[in-house]
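The data blocks that follow each hold one structure.
Here subunit A shows up in two complexes: once beside subunit B, once beside subunit C.
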Partner chain A sequence: MSVILGYVATILVTFFTYNIFTLGLNIQFGYAGILNFTVITFMAMGAYFYAVFVMPPANASNQVFYILGLHWPWPLASIAGVVASGALGYLIGLIALKRLRSDYLAIVTLATGTLLYGLSGDNNKLFDGWAGLFAVNQPFQSVANNNPNTFSWIFVVISGLVMLAVWWFANQLYSSPLGRSMRAIREDQDVVDAFGKNTFKVRMLAMVIGSTIVGIGGVLTIQYIGALSPAGWTTGETFVVWAALLVGGRGNNIGAMLGSLLVAVVFNEGTRYIPQVASNPNLVPDLRNIIIGSLVILSIWFRPQGVLPEKKAKFFELPLKDKYAQTFGGSKADQDLVVEV
Partner chain B sequence: MSNVLEVNDVHVAFGGLKAIDGCSFTVEKGTITALIGPNGAGKSTMVGSIAGAVSISSGSITFDGNNISSLPTYKRAQEGLIRTYQISREFGGMSVLENLLVVRLGQSGESLINAVFRPKKSKAETNELVAEANDILNTFGLYRLRNEYASNLSGGQKRLLELSRAVMAKPKMLLLDEPMAGVTPALIEILGEHLLELNRSTGMSMLLVEHNLEVVDKICSRVVVMAVGKRLAEGTLGELRQNRDVVEAYLGGEVHERVGG
Partner chain C sequence: MKLFLLTLGFGFVSASIYALLSVGLSLQFGVTNFVNFAYGAYLGVGMLLTYTFSATFGLPFWLSMVLATIGTGLVSMFISEYVLGPFVKRKKSLFYMLIVTFGLSLILDNILQIFYGVGFNEYPIGQSTPITIGPFSFTGNQLLIIAIAGVVMIGVHLLLSRSRLGKAMRAMSDNSDLARASGIDTNMVTRWTWFISGSLAGLGGIVLALNIVSFQTTSGDALLFVIFAAVILGGIGQTYGAMLGALIIGLVTEVSTVFISSAYKQDIAFLVLVIMLLVRPQGLIPAKGKA
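Moving on, here comes the complex of A and B:
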């Protein structure tokens, strides 16, 4: 029973954190059209920086090395992690958003992500190299130690609440004039530029907000698991988030949520429970990638907008004033259209 | 009368091709001035240079008394200089109404804090803009289509949207690149009237690139003729019809007889 309870809690936390990643990517790609191909790097940045702020100084005699080790209380360290991922978003934005359009930008994000991946793996002074950080201080540490299931369910509530807050934020942004500017930039950046908006600033905002949100998910991830190594944030993980957004419906936050459920939970987690084949240990992970890859291809082929496509904006409207109709003959133009266009 | 726009010895080259080769002209404040010329004369390139999308290699452009030659595109638009495109560039994945709403500058909900935490204020503002946008859409015959995705409009309807959206931006000056191309003759006349009315009621200056000389004749007080990247002539359409170079380069005998007769 308690095993099942713990399992359900883990599934829920996975769902909530992936949903946070997907919402972050949706703001970048679904709203503003920014092709961020290194989503998961921001997760890692949030997680690592939370860790090095919350942990005590590294103990060299254990052959464990990492920067900082400030031993801050977990709420402050959480903020530090989130700020770090937002700051990384800003830096990558400076390189990628100033001059580059979509495809080149995608390459820059991919390259930067790969670079950071290699750097943090090969340089064990940063985040303990390929071994990664473990025994990271968790919130409610004593509960986590003595009563893992209780901790898990506390965490379900915490990550659920954070996810709801992010969801609310994303929706507020979407329907606002700022969100509208982002979507217009997605449609045609030059035109938005020609109408007087500082498109670099708006795109940068989307980039930083998205990175910050993904960083929030990263902090939650490491708080729940208590460890993170580079193996946990490979390019494949970025792909899972992308798959969730594309299958669910880019530009639609409920779609993003549905996509995280389908891809990150049902397919990604579900396939982990296919029995291992001893002679071929890579079979199951490969199978998982094949399944998710096929899902993306099928979805782009048959439902390019995703399962839940972006919704059309609706506005509160008063009946039309007829002053133009009188002075300009506007209704005449309307009639002409009916007949001729 | 002062000039709202002064184009002074502008040069633009695409690789080896001199698309604009030392072109100068002015637009008087509050007027509708036409920019005509044969295909490939450099008219669209000129519109792009004035708006900032095309960078000029030499010369200067003055708008409303300020040299804007080195301003980025969006700052020129903020000064009140708005252009339309010869080939429609609607925001396809947004509704027609949203296409208009998005272009108005200075909305409070464009700041992140207001967008997320003060949605009431921004919603009230948006409601007013919706009413304003619906008026404009009605004027240009798109009211019924306001909730349609812009990508679903017909070619001609997209031209109308292009115009409506530019008007929604409330510019001091409009740069219109063949706004009537692909629009039915009956509607062209109506659009011409709308532009004239807009010009009279708000004093909005316009530079109108147009091949339809009847429209030019009706609504433009002055005409600038471009050919091979240079200004060939300037004057009223009547004067230009007497100009041998212009007739040879652009108007042609046929047009002369039909319009001038």
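Moving on, here comes the complex of A and C:
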């Protein structure tokens, strides 16, 4: 029984954290049309920086090396991790968000991801190389008296609350003037420019807010698992988030939630227990990646708006007076006139 | 100074590899006007097909190279025809094209991994002893790489300047609607462009494998951002710019090993990319309306 309870808890935490990643990507891609091809790098930055802020200084005698090791209390370290992830988003934005085609931003995100992946793996002084960081301090471990199930369920509640907060924030942002500017830029940046909006600033905000949210998910991930190595944030993971958003429905937060449920939980967990093929141990994970990649392509082909499409914006227009209606060939202005944005 | 000249020599080898790869990427970008994020996987197709032909089937190495180069071109043409083409015909926005090629890279990489695994492979050819030419020192394979790149660059130049196909490609690169209106069979040109782009990617992958000796399926992807750096440095969509960009990136990355650990030499390419995007995003030889 306790095994099942622990498993259910892990699935719930996975769902909540992937939901946070997808919401972060939704703000970048779904709201503002920013192509972030290295979502998972922001998760890793959040996680790694939380770890090096919360852990004691590296002990050379263990052959484990990492930067900082400040031994801060976990709430402060969590903030440090989230800030680090947002800062990376800001830096990428500085390089690529100015007056360039979206190809360039996509290239810079991908290049940054490849670079940081190689650096954190090859340089074992940063985050302990390919071995990665482990035995990272987990909050509430003492409250749970080191009982794994109690800890897991405390964490289900915490990550659930954080996810709800992020979800609420993402919805507030969507309907705020800033969110409307983001969506307008996604549709046509030149028009928004012409209306005098600072499109660079709005896109930068989308980039930083999205990266920060993915960073929050990263901090939660490492707090729950207590370890992270480069093998845990390969490009394949970025695709899981992309597939979740595209399948669920870009621009729609409930769609993002449904997508992470379908892809990150149902598909990923459902295929986890397919037995390995002895002659080709990588066959099952490879096929999984192929399916995830196909899911991305097929969803664009068959249903680019996703299972739950974004709601079309509706604006009430004041009914026109009859004398104006006369001038337009006598046709009456419709009170429920819906304008697509 | 001696070390500097020696690394300069290696710089020419790297520049030759990058030139093949960045010209292939740039030609295709010019004609189709979207970046192919699956390009890194095409490198893997070329290097691993050569491995199959030479190590598994026991064909002579030069023949394996030729077959694999053509094979990668055909794979590229096939993908363009049956995967990317339909999306282009539906006039999907640039966003979606990029996501599709990005998704394609994951699919191709994992197909390769099913067949070749994640381990390292080596070609069944001996490593020749270094030959000293003046201050430089090359292995026989490295001289071969430089020779191949030289011949191919001249070939690409002749193709673009002398042949009908090359002129049609340049016309499409300038304005594809206008090209179609003036009677150019744009579908055929696109098909050939993908074939040439894929062949260059495959050949580039093979010479990359010759240079780094042991390679794995993802070796190409790790190099993708270096190719992007060379292409953007030269001016995206500009073939001669890509050659220039490749030369600069090749020399800079190799010479940097005099000052920093060679493990980080490709990160220098990223630095060049960043500086370029901040200072002159249109590239050294800008193309109209592409930046």
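One rule holds for everything that comes next: the second predicted complex is superposed on the first by the 309 of 341 C-alpha atoms of A that agree within 3 Å, B and C clash if a C-alpha of one lies under 4 Å from a C-alpha of the other, contacts with A are read in each partner's own complex, and residues count from 1 in each chain.
The working rule: contacts are C-beta pairs under 8 Å (C-beta built on N, C-alpha and C of every residue); 3 or more make two chains touch, one makes a residue touch a chain.
The structure presented is a predicted model; accordingly, all values stated were derived computationally and were not measured.
Visitor: Tell me which partner A:Gln172 touches in the superposition: subunit B (first), subunit C (second), both or neither.
Guide: A:Gln172: touches subunit B, not subunit C.
Visitor: After lining up the shared chain so the two structures overlap, which partner does A:Thr199 touch, if you call subunit B first and subunit C second: first, second, both or neither?
Guide: first
Visitor: Which partner does A:Ser181 reach: the first (subunit B), the second (subunit C), both, or neither?
Guide: The first partner, subunit B, only.
Visitor: Which of the two partners, first being subunit B and second being subunit C, lies in contact with A:Leu287: first, second, both, or neither?
Guide: second
Visitor: Touching A:Val296 in the superposition: subunit B (first), subunit C (second), both, neither?
Guide: It touches subunit C, and subunit B stays clear.
Visitor: Would you tell me which residues of subunit C are touching subunit A in their complex?
Guide: 34-35, 37, 83, 86-87, 92, 94-96, 98-100, 102-107, 109-111, 113-114, 117-118, 221-222, 224-225, 228-229, 232, 236, 263-264, 266-267, 270, 273-274, 277-278, 281, 290-291
Visitor: Under the stated contact criterion, what part of subunit B meets subunit A in this complex?
Guide: Per the touch definition, subunit B meets subunit A at residues 51-53, 73-75, 77-78, 82-83, 85, 89-95, 97-99, 101-103, 105, 107-112, 114-117, 119, 122-123, 125-127, 130-131, 134-136, 138-144, 147, 149, 154, 156-157, 165, 169, 184, 186-187, 190-191, 193-194, 197.
Visitor: Inside the complex, what are the residues of subunit A that reach subunit B?
Guide: Contact set of subunit A toward subunit B: 169, 172-173, 175-181, 183-184, 186-188, 190-199, 205, 209, 251, 310, 312-318, 320-321, 323-325, 327-334, 336-337, 340-341.
Visitor: Which part of subunit A faces subunit C closely enough to touch in the complex?
Guide: 33, 35, 37, 95-96, 98-104, 106-108, 110-112, 114-115, 118-119, 122-123, 235-236, 239, 242, 246, 280, 282-283, 286-287, 289-290, 292-294, 296-297, 300-301, 304
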